[in-house]
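Questions regarding the structure given below will be posed in turn.
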Amino acid sequence: MKLIQAIIKPFKLDEVKEALIELGIHGMTVTEVKGFGRQKGHKETYRGTEYQIEFVPKIKLDIAVEDKRVTEALEAITRAAKTGSIGDGKIFVTELQSVIRIRTGESGEGAV
Amino acid sequence: MKISNSLIKLGLLIAVMVGMGEWSVALAEEGTVPTIDTGDTAWIMVSSAFVLCMMLPGLALFYGGLVRSKNALGTIMHTAVILCLITLVWVICGYSLAFGPDIGGVIGSLEWVGLQGVGSEPSPDYASTIPHQVFMVFQLMFAAITVALITGSFAERMKFKALLLFSVLWSLCIYSPLAHWVWGGGWLSQLGVLDFAGGAVVHISSGFGALVCAMVLGKRKGFGTEPMPPHNLPMTLLGTGLLWFGWFGFNAGSALGANGGAGVAFIATHIAASAGGLSWMVAEWVHRGKPTVLGIASGIISGLATITPAAGFVGPLSAMIIGAMAGTLCYVAVVWKMKLGYDDSLDVVGIHGVGGCIGIVSTGLFASIGATGLFFGNAGLFGIQVFLALVTLAFSAIGTYIILKIVDWTVGLRISAQDEEMGLDLSQHNERAYS
Amino acid sequence: MKISNSLIKLGLLIAVMVGMGEWSVALAEEGTVPTIDTGDTAWIMVSSAFVLCMMLPGLALFYGGLVRSKNALGTIMHTAVILCLITLVWVICGYSLAFGPDIGGVIGSLEWVGLQGVGSEPSPDYASTIPHQVFMVFQLMFAAITVALITGSFAERMKFKALLLFSVLWSLCIYSPLAHWVWGGGWLSQLGVLDFAGGAVVHISSGFGALVCAMVLGKRKGFGTEPMPPHNLPMTLLGTGLLWFGWFGFNAGSALGANGGAGVAFIATHIAASAGGLSWMVAEWVHRGKPTVLGIASGIISGLATITPAAGFVGPLSAMIIGAMAGTLCYVAVVWKMKLGYDDSLDVVGIHGVGGCIGIVSTGLFASIGATGLFFGNAGLFGIQVFLALVTLAFSAIGTYIILKIVDWTVGLRISAQDEEMGLDLSQHNERAYS
Amino acid sequence: MKISNSLIKLGLLIAVMVGMGEWSVALAEEGTVPTIDTGDTAWIMVSSAFVLCMMLPGLALFYGGLVRSKNALGTIMHTAVILCLITLVWVICGYSLAFGPDIGGVIGSLEWVGLQGVGSEPSPDYASTIPHQVFMVFQLMFAAITVALITGSFAERMKFKALLLFSVLWSLCIYSPLAHWVWGGGWLSQLGVLDFAGGAVVHISSGFGALVCAMVLGKRKGFGTEPMPPHNLPMTLLGTGLLWFGWFGFNAGSALGANGGAGVAFIATHIAASAGGLSWMVAEWVHRGKPTVLGIASGIISGLATITPAAGFVGPLSAMIIGAMAGTLCYVAVVWKMKLGYDDSLDVVGIHGVGGCIGIVSTGLFASIGATGLFFGNAGLFGIQVFLALVTLAFSAIGTYIILKIVDWTVGLRISAQDEEMGLDLSQHNERAYS
Amino acid sequence: MKLIQAIIKPFKLDEVKEALIELGIHGMTVTEVKGFGRQKGHKETYRGTEYQIEFVPKIKLDIAVEDKRVTEALEAITRAAKTGSIGDGKIFVTELQSVIRIRTGESGEGAV
Amino acid sequence: MKLIQAIIKPFKLDEVKEALIELGIHGMTVTEVKGFGRQKGHKETYRGTEYQIEFVPKIKLDIAVEDKRVTEALEAITRAAKTGSIGDGKIFVTELQSVIRIRTGESGEGAV
């Protein structure tokens, strides 16, 4: 089992979700985050004073997937989240030692 | 019986005159009893309520939206507690000091302490067509809002106890004397100064009091290095709308009747607000490349503050020019602040101080209704108005400085750095604005 | 030409008399047709609009800010729908029951059903200087807000259908009779009870109706074990400001004219609100160690509710004392609630119930304008006022209990536990406050 | 005694007439100088302030709450800047075009440019008991709000510069002529059309202008495919309350005095709002299974918009029927929109366009006070009213189309797709609503 | 050391916290997230238009625990967070390579 | 590649960011979280009723770094985020199996 953490542009959320559903991945957890990176933020002006806001709104997706589906999941996310312009985001993959479904107590791949 | 009838007729005759603004003055001089006019009374009660609405929720939210969310409640609290506190101060002795029988042109006597003698008949001295109590409460609202305006300069860092002490002292030692000098028959009024609804008494006094506060309290932690964007601009825009709304009571109510003069002040107020909003917006657009929403709001308030002393004395086109100057010059003043380096957090100086000065001086230039300014051939008034601005500015600045020192020595002015980090809401009030 | 001119002048002369409140009364006594006074009419229309503003947005946001965000809309909805619903109920028959021609001191007849006979001439019975329709709509606002006040006690758990049924029944069976007894020429008014703007009719009735609601509906899930902090206190402070603003219409409007009496009520209202705010703040400061923003807001409302029945009868210093008592005692009542263990969610009992009682009794103590209370030598009034408080309390409590039982048997009172978990907004209205 | 008494009675009689609009007109015709009535003046100043409050904060927040949070400020800005801009346009020449001396029934002359000749005496032509300037500023508020209403249709996608240009052109080329035709003595008024407070001039004109805007600007990115829920419904409900509050000034102020006619309009307004709120709520409940808070708010606005032209001409029960029709039919119109597929983002067409038409036509059906509609036996009026609705609709639709084309060719109408993604706040104003 | 990430129903937060405290686990980090999964969301209606909102509010708990306490922690969370109905959530466990307490700079098990 | 998760005091965000930039680490993702731990929360009072709020606002930083820079990154964060008083926070380090830059599809160290 792997945990995929994808940081994407907020307006891409729906497309990524659809892409994953097509693969039969029906679960994910979404967090609103702010990103800092190459993409420069924006300027704000209040009463003539300018601020450079460096943090950009992003969405973080946490998706647990069985090992065998990791590659296709990564591809699907990459495809759906891509605009080609700076700031499209990153995908991080970590090893999951175990997964439990709280409702049933079952664990392992069946729990996802 | 016939005699009583003729008496009634005579009374009626007089009553008609009372209904007409200009006449009532003449009558008062002739020593007749003033009578209540329901239209005037309705208008001044409404105006008083409008000015309350300017404070809470108006000013409270205008300021509350501009601070960071951890200080939202503490900032709203400033206006709320000042409103309550100054109400009691005014009833107990502030009104008597300001409007009570004159002592040597300097201060009102204590004859009206606790509103003794302030009844539901018109006062012989002020506003002869409305109950004296209604005049008193209208003035009360002015007393309260003036102190509340100052709080924008020391937002996010004042101790709550200090705020209470400061407000009481400032109201009694700065506001009441000033109101007496200009409106209560004091020495400035005897010089012929014009201040229709408080350009000097309210805006210059609070604006330059605010400057001293900002300097004495010092900058907020992080000022100039970290961004401190307003946490809720829709709240500030809500405040802006309520301030504009209430300002009709503030300015047109200062005609003390629902007459032609009130109409003059009403339209001048509205036009100056609009011109102020647009001119600030354009100034910022030219300077920074984008028109901003906070800009138009700030310009509207600048226009309103600036037209205040002139509202009843100028025509619509003069009001438009005054408003346009207000928006532009207050914007310049606010931008300059950053260079001067003091932390007038919500720009009380740039808007009310500068606006008040422009307004008082403009009255000396543009007055054409019931008074004559420089542009209409009377240079004298201009000089008097400049003098009024300077006296008010100096009196408020010096007085505020002394009061701040007293407060600092007694209860201390500023919260600890840790409390500042935590925010006023949690540190001073054990509350959070949003849960 | 000259003749017609003098006639016109004569007409004008006389017109002035119309402007003077006392005269029209005198004239009415002589059996002449009452005439409309524009100042009085302006004031009562303004006052009616002010009371609307007290409800929506005032009370709606005051309550809306106090609940958890998942119930924000549902709570606002309570006030909104009650306002619409009671408007129709009042027009159709509520007004007639309350103010229509008296039947045995108990209830108004159905003669004015659908506002038949309620025209744009002054009524011969009420408010002789304003159109009858304007008097009717001013009273309508009182009818609506009284029901809306109650909703704070069962916030976050009432079925929407139950709310609708409850409101209609309560308004017809509790409010209309009470209004008739006290203001519509009913048996209590014949006893000489004093209730200037609704301490009994509005506040005691809603406050003790609320107590019964809280007891019958039971506690919210998690009450007492999990924190339920207000989700948006700036919203509640906005509501506070609008309530204060509108209360000038509520109380000073109850003078039914823009006269000296309105001025008396206006300043009493303002002073009591301020004293109430400060005294609650101080009480909490002493008790809990910090002054709070919700505290000053709650104190302001306590002061306003408490002065309501007394506003037109007391001087400014009495108003200050009444306000100070209100803030302190309502605070104590609210803290006690936790010990008694019922879940009056937004403290309708502690503020309106207790405040209303204090106010009604205080009127019997402090009345000095147009009536004489115990402290000014008239023990009789005091007894009458205590009687008024008890009758209202008992009538409302018992009546509310019966109505709740009927509603429970028919549509059911409370939402399911799951819906409560989800919140009113999603479960009752398929909406969310914030997206 | 008896003689003087009868004289007094006679005088009173006359006084009453003075109180009533028609007589003052009669007097003016006799060549006498009209005199200011303080009650009327107070009421119209208050009404003007109320209508300001309808715009900022009212409409600004009503619309602001309905959009997504990235567009909250930009949406509020639309109303704010239009208010400032149209104020100046109106003062400079809009008022003269609309209400200045008639030229051939088509337009007002430029005689009153810059408010020349618009003084603090009553105008001989309009509202003979209030200062002309007060009448002017009351009308100004109508001019401003009409343009502001339209902005709901192109929310979240209009270029800021385009908005400015569009507003000025629309006000001068559509609003001023229409106001002249209906209220300024123009050709439609000569036909006998009835539009008490602007069902045609304000609501049909803005509503069908809005339809053309929605069609010409096209849909928002994502419209129909992604959810666009309102970001802050409590803000919208706050706006609803302030709109209702202000609408009393809008409608009852249109009686131009504090008289029986104002009372008629006041209660019709209140009743229609309530009936509108309930009927929309019920319609949605039946259709979608749940009553919604946005539904009752939308219904209230529908009721208010619809009763506007009829307010002074109909009794309370007619108002109830009109309001109930408004809530139901506007709901149907709004639901249909989705089928027609244009993106009238905040439903200006469905509420103001449809509501305005229903109101104008209903006036022809239900008028019974000071005019007679079809249901009271006068079929002629009905035809005239239908004609008025059609003329206004066509004039506004065609005029708006031409103006949009001009604006598109000069500064461009729509922001870039990227700016739309980013939101108006950051892309047009360099600001964020919440930090 | 393990990092436990538990996604639970928001109103279960207090119970889970208590359960962990009973075990002597006194630290955790809480994030408001939105979940997508078997539990269907809810309907919203605005002016007659219905939206199906698929994302459900959830709470994510991050808890670092020593290896030996992982099992009891997982059991405690599962027990406390369970309602038995769909949407109770998941628990993910990953290996922590190191833990540092910023205040003291200490690392390893003592840092938790 | 490692994923560093640092939980810090909110007002330290800017300092930590600067410290990382000095090291040449130009990317990070920020989440607003609430922490529960030794640092006790605060008291809130509403109408005389006191609540003990146990959760304290914190900022969580996610930073993916190449293995060789982990040590210096951890040092920099620890130094910048430290105030010495309770509640300064924790740093958790996990192994990243892969990293992808969505814009380019590139993966591995170059993707950070």
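Note that the chains are named A, B, C, D, E and F in the order they appear, and that numbering of residues resets to 1 at the start of each chain.
Going forward, a contact is a pair of C-beta atoms (placed from the backbone, for glycine too) under 8 Å apart; a residue touches a chain by one contact, two chains touch by 3 or more.
Just so it is clear, the structure is predicted and the values come from calculations on it, not from any experiment.
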If you check the contacts of subunit A and subunit C, which chains show up for both?
B, D, E, F
Identify the chains in contact with subunit A as well as subunit E, in label order.
D, F
Distance between the centres, which are taken as Cα means, of subunit E and subunit C, whole angstrom
47
Length of the line joining the C-alpha centres of subunit D and subunit F, rounded to whole Å:
54
Using the average of all C-alpha atoms in each chain as its centre, how far is it in Å between subunit E and subunit F?
18
Give the residues of subunit E that touch two or more other chains, as numbers and ranges in rising order.
31, 44-46, 50, 94-95
If you look at subunit D, which of its residues touch at least two other chains?
35, 37-40, 42-43, 46, 229-230, 232, 238, 258, 288, 290, 292, 294, 430-432
Complete list of chain pairs which touch one another
A-B, A-D, A-E, A-F, B-C, B-D, B-F, C-D, C-E, C-F, D-E, E-F
Please output the residues of subunit B touching subunit C within their complex, sorted ascending.
9, 12-13, 15-16, 18-19, 35-43, 45-46, 48-49, 52-53, 55-58, 60-61, 64, 72-74, 76-77, 80-81, 83-85, 87-88, 91, 114-115, 118-121, 130-131, 133-134, 136-137, 140, 160, 232, 235, 238, 258, 425, 428-435
Spell out the residues on subunit A that touch subunit F in their complex, using ranges where they run on.
2, 5-8, 31-38, 54-55, 58, 60, 74, 77-78, 81-95
If you look only at subunit C, which of its residues touch subunit E in the complex?
226, 421-422, 426, 430-432
Which bits of subunit A are touching subunit E when the two form their complex?
3, 17, 26-31, 62, 64, 94-103, 105, 111-112
Counting only contacts in the complex, subunit A reaches subunit B at residues 44-51, 53
